[in-house]
């Protein structure tokens, strides 16, 4: 073989390896990832305020995911649509008003202590308009928890015999649901993971596989930015 | 300068031939080693049995109604043991040059072994419990399933020796060259007198099959008796 | 042994469409889809144990079984068993085609398999190394930055699993397959088809592990601890299948090695004349044959847990995660000596050549290898000192673990005394062997901290233990792997490797290896746990230092790769038959070794270490007339 | 430079007593280095002085480092001396070295030496371990139990957080581990799902949290401080984020923290099982394995 041919061969192999490595790395960087979603910030008296509206659904549906039967969180964007985004950007030192619409039934908490709302203003949440200090751990459908900020609250589930249960997300408000409201304050900048503590991934052992260990479903980040 | 050990250009015709009993020694030593590997594979299940039994986590070692049927188990293991015994007797026949009797025993051993496998499959469907029913059920199904696979492999090996014995039952001298590996393009055998290897193969097989039947007996004692 | 081995080769198109890698891959992919859709259509939803999730575990396994069977059918591994099932007589080798295509097909020449192993394992070694680079990229900052959460775990797991699984055969695969028959004066391994099978199984395994990223990866690291592995994505099954295939491959490789060394030694090659490399291979092979089946068994249980819903490792349902930990480490600790022992053997094999002295304390060295091999069975719970298993047995495991340093010390003593008053030549392979002393000393002494329960409380599961096993495995195995490459590749290929580039490779690798892993001892002591994507911000400087060193280490590997391609592809300087002045028998043969190894089986009358003891005896018995007249 | 193995000339006789030189150099170097390491390096080794167990680990590490130093010195002296003195001449033919094939005295000396070191270290480690468990998880039947009154704390791992339950404080639970100073603490570590490992770094405590297993570890706190808790066993997606601070506080602060925590806890109390004082199970809930579910 002539040297030129060999060089071309080597170059081809190097290029092929480069392409494959690039493909490999890009596959890894996008594996189950979702980009950060910036929430719209209002300014009240020079103080940033964010309204965060989220939905928890039993089955995310084919419209939003390759895994239609996975349980998931959804967030409402500025145009009022529900998106399956779980990495949220927030400003530092902001007040965040959270509204959670839960369309899912109860799975029960494994550690009942986590049914005590903690870390939000007044250590108290509003469930369907009623102030609540403790959710029955067996009624818990999901939790919204940011352990690094000390925020943990259980979300009570929709009764099993409720009419008009939501099938696939996004669920219209006419379906049976519970509404949870609370407020918390962000402090210093940082990346804070949030997750669900209820073993709600049906089908997996301990209820903790699949969506429970995949960003974009039951896990995400609060990216608090200065 | 001493005589070189090899010349680069030497063709195969001048290369010294391998002693024909070498492959026989290879085969017999391999059966011992394979028996060692098999023993360690099943030791894992023996360990699992006694470990999980002594822990009895959650009282789920052997819940109500989980008991392997000793009737089926005895039938299966008896088939395995009988087949192994027949092969041993067949080796004696082969040594005594009673080739037709060996072939008969070989075929019967094969059939008895297959009956054992069929009985095992029936036994699985007739146990009143499934693999998910606690520690014992796990060990029972895991152990018998992998014993099934090992026995299946051994019976295939037995079939090979029996088939070779049958195919050349009327042949004196070496089989045609094109029969090597069943490859019609072969111009020669690479083993001098390949049929002489049947004896060595049989000795190795007989040792291994007896060993495996011994493991089956151990499984019978552990899974059904105690 | 008349043979059709040198039959005229058929035309290229016949060779491409015959049984080879191409058909293997095509049928492998085909088999995968047959298994996958077959399972889905036949099994249907009734056996879809998982109800809510969108795949069924059974079809995953059937898909891979279909894929592996298809791959092996395509390579031609089933031709021989089917012929035997139809009663055709046994034969030793597949029809060999000659030429370059035999490297991409089922070839029963042990020298071809050795070279296949070298390139195949090298490929996956570099993929594993690439993962390490990505891990260090992520750890440049104390929090998440490059890869999404979860992917880091997949990277860590792939790096560890790939390296552990592939490098278990890292020396026995390429070098023992190539050299053991020659060293013991034989023309083949005991089971040439099984030899080829071990290689192709390993390649199938590597492909399966690499594709785990398409199936969600796996979160468990290389240990695959249940019950976390019960929770994992379908990518977890890739891990299980990879390691199970590696386990089968290792068992067969070890079996073949033992059978070969025990039954095929040439006349006169008594146990005390066996090269120390063969002893190292033997002691490793014993561990492989006996330990790898335990791995296969525990992974089989895990696969049953995931498919048939057994409860081996589910505490609430009568299982126990301790069962997994015990069984895994019953395999796992012999496994680390499967990695380390061939390194010992290569060091002891090469030192006499480059200090031109006999191996000092041959029997002690053999005793050391066998002693490590034996003791390695009695130490596994030192991986579980804080796990709560058998708290009262910890003093025993502490003792047995520290006892292992006695036979390991034999290797040090024999190596050092072989150097003593020798006439040392600092060639590239020798440099790698000398670096082994440095690395393994640090690795071994840091192991003393881990074997001591009070110290282990802090160091267990931290970067300290990570640094420790990189010092022993990378410093102990990979360095000797390169020593073996520089020492034997000229013999295997017939072309020399560039010595200057080799020295550059050595010095960069040695410096950056230590610069990468020495700070990790400190990082571990300062409280950074393994496999965690975040760390205390105060440790950022050290971590950045390590990352930059690791990148340089990666560049050093590229220098090696360049040397390999440059020397073997472009320069092609023919190697002398005996470039190192070795008395070992493989260097008395032409480079590369002819297909039949020896014209006449040699007769041994001494071990290969008689430096300074007069001229080596002839291997050819008097009156032999084989070969050219 | 291929040496012809067939015609190696005999090496010139070498009268230098290399062995004596190495031994002397080693003794001198060790005599200097060992005390220096023991005094100046040893105490720098973590985990530090956060608890009795931590202090003991530092002592243990110091001792091992001290034992290791002469070994390092021996190898260093040997290789520096050996590689300088025994290399082949860069020009001319490579000579064979003297054909030394072994020396039973050196072998016996080496075996005895390594055995003594190894047995000493194992014996010492056992002694240290049996004193008070060295902060490691010992499983449900601890063999090294410190005497005296101990405060029980249950550490509950789950994906992905540790919570801490205080049976002696009416079963209150907390997200943060708060301990009183100068107290013997008995940690009962367990998990609700997969394997975690509770690692209180500054306290020198590490114990795996296994589902269905009660893994006991002991620690005696010292002065008030903040310490770090991390999970040290891979447990899934958020393993890297499973960390928190803990606090050792003085007695008064501890009690005020406890009453504050009790208030927070009161709302959830009706849903929790009864504490031991009211006739319930020792740890309030079924997390702690029953005695027959011993592991080991």
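Should a chain be cited, it is by its letter among A, B, C and D, assigned in written order, with residues numbered from 1 in that chain.
To be clear about the criterion, a contact is a pair of C-beta atoms (placed from the backbone, for glycine too) under 8 Å apart; a residue touches a chain by one contact, two chains touch by 3 or more.
Computed from a predicted model, the values in this text were never measured in an experiment.
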Third chains touching both chain C and chain A: D
Between the pairs A-D and C-D, the one where more C-beta pairs touch: C-D
Centroid comparison with chain C (C-alpha atoms), farthest chain: A
Chain closest to the middle, measuring from C-alpha centroids that were averaged per chain: C
Centre-to-centre distance between chain D and chain A (centres being mean Cα positions), rounded to whole Å: 38
Mean-CA-position distance for chain D and chain C (Å): 30
Computed distance of Cα centres, chain D from chain B, in Å: 47
Separation of mean Cα positions, chain B and chain A [Å, integer]: 54
Sequence positions of chain C contacting 2 or more other chains: 149-150, 219, 227, 231, 315-316, 320, 322, 616
Contacts with 2+ other chains: residues of chain A: 193, 206, 208, 213-215, 219
In chain D, residues with contacts to at least two other chains: 6, 193-194, 212, 236-238, 241, 295
Of chain D, residues touching chain C in the complex: 1-8, 10-11, 14, 18, 45-47, 53, 56-57, 60-61, 64, 68, 71-72, 75, 78-79, 82-83, 86-88, 94-103, 106-107, 110-111, 114-115, 118-119, 121-122, 125-126, 128-130, 134-144, 189, 193-195, 197, 199, 201, 204-208, 210-217, 228, 230-241, 243, 295-296
Complex contacts: residues of chain C adjacent to chain B: 1-7, 79-95, 187, 190-191, 251, 254-255, 258-260, 262-264, 289-294, 296-298, 300-301, 304-305, 308-312, 315-320, 322-323, 326-327, 330, 585, 588-590, 593-594, 596-602, 616, 618-620, 624, 626-628
Touching residues (chain side chain A, partner chain C) in the complex: 3, 6, 10, 21, 24-25, 27-34, 66-70, 190-191, 193, 201-206, 208-210, 213-215, 219, 221
Residues on chain C engaged by chain D in the complex (per definition of touch): 149-150, 152-153, 219-221, 223, 225, 227-228, 231, 315-316, 320-322, 355-364, 384-392, 394-395, 398-399, 402-403, 405-406, 409-410, 412-413, 416-417, 419-426, 434, 437-438, 441, 445, 448-449, 451-458, 460-462, 525-527, 529-534, 536, 576, 578-583, 610-613, 615-616
Touching residues on chain C, where the partner in the complex is chain A: 50-54, 130, 134, 143-144, 146-151, 154-155, 213-214, 216-217, 219, 227, 230-233, 314, 565, 569-570
